[in-house]
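Some structures are shown below for you to check.
One chain, subunit A, appears in both complexes that follow, with subunit B as partner in the first and subunit C in the second.
This part shows the complex of A and B:
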């Protein structure tokens, strides 16, 4: 579903992503690990067509994002590290607005049901988003993915700053999305969550994908060792 | 998609202070300006009606008095009390006619140059006196000043538009929602344009609705072609300022930079360009000072006075048929000279006036051409023209007065020159302005 071939992106003389090759299939959660500046966010931005590539290609559902930016965006939901919504509007209103941009008209009751499905309590759904915690806002993002039946979920460090319970809830939601057949690409620093939630783990260092593992094949401690070895290399 | 973004913008914007500020303050400002405008015009119309009534009363009184004299019911002792005397009817005291520039239907919208140039004046055989409402006759003029709809539209509306449009996209960047918008299957530029169109329609709607409601309340007729032209002009002007907001939002600048930049443009278009234009026209076409003109007038008057007898003798030689020789009354001998001197003075003044008028005309023409660089100046000039309060129209009063004075003189002077007095029936033929 997500196909990145020989992707290269430079910022001036700095190579942010170097000849990256990465594939995420339907029903797969691909966790991209790496230090700050490793190229994780640039990889996600290239899938959103927010950066111009020096080489290679990024495809979603077989379509090149550079050629079909709006069509590829119809298939995906993006949740940044700090999902910002319109604070003066309620969760329902925010959800209805962003769904509307994809041409999906939601009734209030339908919006509530999606938010509930994403784990947001009904009374919170009616409240202004300005009073939401980060975890609650992430749930609105997941509700958006559910409502739009997104085939691709791009997550940029979605669990950073979440408390363990909220992080666990979020992981459960991701697993639900995986079971719905979504292809999930998640950039994260959270080794534990990557091992627990992911199906595949990629480790990036200085713009290159230096290792790729099946989550089921490694233990938590193995993953940590492998990760640290790559970072110290 | 547009309907969706419009409905969301409506939901969003009605929770903002800027919107409620605009909804409450802008209609009040428009209403207040139209109230002042309609009061100003009411005062003008009252002034005109009052003067016309006084004039009618004066000439009716003259006619009644003359009829009484003709019947032998009354007598006059002195020539200046005789209502049959052309001088009494055309020159002295209340005699003479007032020329008015009647207010146009859109006059309440723009005071224009009314606080500088008069809209009426009095014509007698020798004088053309522009008059103005003074504070005693019309204290309202002192209170209202130039606060009119044109001021609200040209100066204040852009500020409301800036408040409504300066941060449409920059605030999305600052609050973080821009990232989510970028991931949507709609171009961000399209979202920006649609948001701006909605806000434009909102501000435009508030202005037009307020204008129409207040106009109906204050009796200003806008339901005609001029009203449509006004609405079109307002839409273009509002679109100009919204376009500037769009431009700033397209740059990746902060809301603060946008606000300062747009306010700077407001200052540029409304203050700096007019000052620069003024500087250019006064530098290229300098007009001699007013003091110089007054000195020139005095010189002419003194020269006519000095050459008085010679001027009169020449006139008598040239116009023997317009002068009764022999034993004529003293007032005739005095006033026939005064008329000749007044005519000579006017001819010389008109010659001298050209050196002041020509640069002023050139200034006006150049300023008119340069105004295109400032949409606010262009709109202001257009509004004043539609309201009939522009410099050109108010200056046309002088021409109208001059034209009527000629008609007035042609009616009275031959009678006076031949020493022919009027009958009461002939008083009905005394000229009156259209």
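This part shows the complex of A and C:
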């Protein structure tokens, strides 16, 4: 579902992503690990067609994101590290607005049901987002993915700063999305969550994908050792 | 669909923004107060104008038996009617004076400007819809819109929206329409109140076109401010820098450029002061006939030419009153001199106005204000039109008086001739009619044309900002 072939992106003289090759199939959660500046966010930006590539291609559902930016965006939902949303609007209003951008008209009750499905309390759904915690905002993001029936989820450090319970809730939601057949690409620093939630784990260092593992094949401690070895190399 | 959703979202956010909502309500309150004081001012001035006009006519008709030429010296007044639209745009009316004293031999400047009035309610009346629209409303638009795009970038929402397939153009268009919606939320109630006022005062038929035209002019101006605000917000690196740039532009357009152009206009095209003006007139008057001085070189020459033409040796033998004829001859000579000097003043004002019109290219505020005043009939052109009409009336009235003297003060009736109340009651009265077309000269059209240019240009720069590709 997500196909990245020989992707290269430079910022000036700095190579942010170097000849990256990566695939995420339907029903798969691909966790992209790496230090700050490893190229994880640039990879996601490439899939969002927010940057112009120096080489290679990024495809979603077989379509090149540069050639079909709108069609590919219809298939995906992106959740950044800090999903700010519009603070003066309620969770329901935010969800209705973002669905409206995709041409989906939601009734209030339908919006509530999606938010509920994403784990948000009904009374919270009616409150303005300005008072939401980060975890609650991420749930609105997931509700958006559910409402839009997104086939692809691009997540950039979604659990960073979440408390363990919220992080666990979020992982459960991702698993639900995976079971619905979504292809999930998640950039993260969280080795534990990557091992627990992911089906595949990629390790990036200085713009290159230096390792790729099946999450089921490694233990937590093995993953940590492998990761640290790559970072120290 | 995206543009509509973004516009609606922008409107909801702005309405819920306590600062924007409070300022919007404050603007509405100020507009309400300005309309109420404007209406009160208009009613008061209309009443005063009506009373003064009636009183002047009664005084004219009841001045008693009098030599008609003495009546010319007694004089009367011409009053400039207050237009209904001056409630919204008083223009230069408060500074040019509202009446002109009309007398024989002399063309006077208008007097009794309201700016000289020290009454506090008059000063309060300076808070007019035009002032609010020209100076305060743009500030409100800037405050409502300066963060439109920068806030989306600062919060990361810009990236999120782009990930949803929203293009920069759609975002900018949506934000622009959202800002327009907020502007209309305040402006439409004002227009409705204005229309109700026109209906109540019975001025709807005569003033509707002007009012709608004025409304259109201000709408163009708000559009320019809104488009520039969104453009700056789209191009600025931060909300802070967007605010600084926009406030600087506001200061330039509303304060600095108009003041600078005023100074340049009075420097390049200086208007002589009153004493200089009348001194120059007096000097020129010495070069022609003085109706009151039968012994001057010009008067003697004129008398001799009239006597020769009628084949008599003495003015007493003429079939008409020679004094009446000479007074009229003097009047016509004086008219030519005054016309010449007032034409020079008029030309200076025209040159200054041309400069102001051209300076509209530098400031949309000047363009909007000049167009608005022209439509309301409260600009210098309207005042000059009134002055010209008043002067034409003066000449006609004095001619009527002198002709009566010339025709009737003959023979036995020549000595101590007087006209009575019947004659003065029959004298023409001054009734001022505004020019029918809203705009009366090409100079007045230029600011409107420039307003349109500003509007189109502001859309173009908005479009350029929308097409700017950037990596986020």
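The rule is simple: the second predicted complex is superposed on the first by the 233 of 233 C-alpha atoms of A that agree within 3 Å, B and C clash if a C-alpha of one lies under 4 Å from a C-alpha of the other, contacts with A are read in each partner's own complex, and residues count from 1 in each chain.
Criterion: contacts are C-beta pairs under 8 Å (C-beta built on N, C-alpha and C of every residue); 3 or more make two chains touch, one makes a residue touch a chain.
Not measured: the values here are computed from a predicted model.
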For the combined arrangement obtained by superposing on subunit A, do subunit B and subunit C clash, or do they fit?
clash
Looking at A:139 after the superposition, I want to know if it touches subunit B, subunit C, both of them or none. Which is it: first, second, both, neither?
neither
On the A-aligned overlay, A:193 touches which partner chain: subunit B = first, subunit C = second, or both, or neither?
neither
Between subunit B (first) and subunit C (second), which does A:93 come into contact with in this model arrangement: first, second, both, or neither?
both
Looking at A:52, would you say it contacts subunit B, subunit C, both, or neither? Reply first, second, both or neither.
second
Touching subunit B and also subunit C: which subunit A residues?
48, 50, 70, 73-74, 76-78, 80, 82-86, 88-89, 93, 97-98, 100-103, 154
Which of the residues in subunit A come into contact with subunit C in the complex?
45, 48, 50-52, 69-70, 73-74, 76-78, 80, 82-86, 88-89, 93, 97-98, 100-103, 154
Okay, in this complex, where on subunit B does subunit A touch?
1, 4-5, 8, 11-12, 15-16, 175-177, 179-187, 191
Interface residues, subunit C side, partner subunit A - complex:
1-2, 5-6, 9, 12-13, 16-17, 155-157, 159-166, 471-472
Which subunit A residues qualify as touching subunit B in the complex?
48, 50, 70-71, 73-74, 76-78, 80, 82-89, 93, 97-98, 100-103, 105, 154
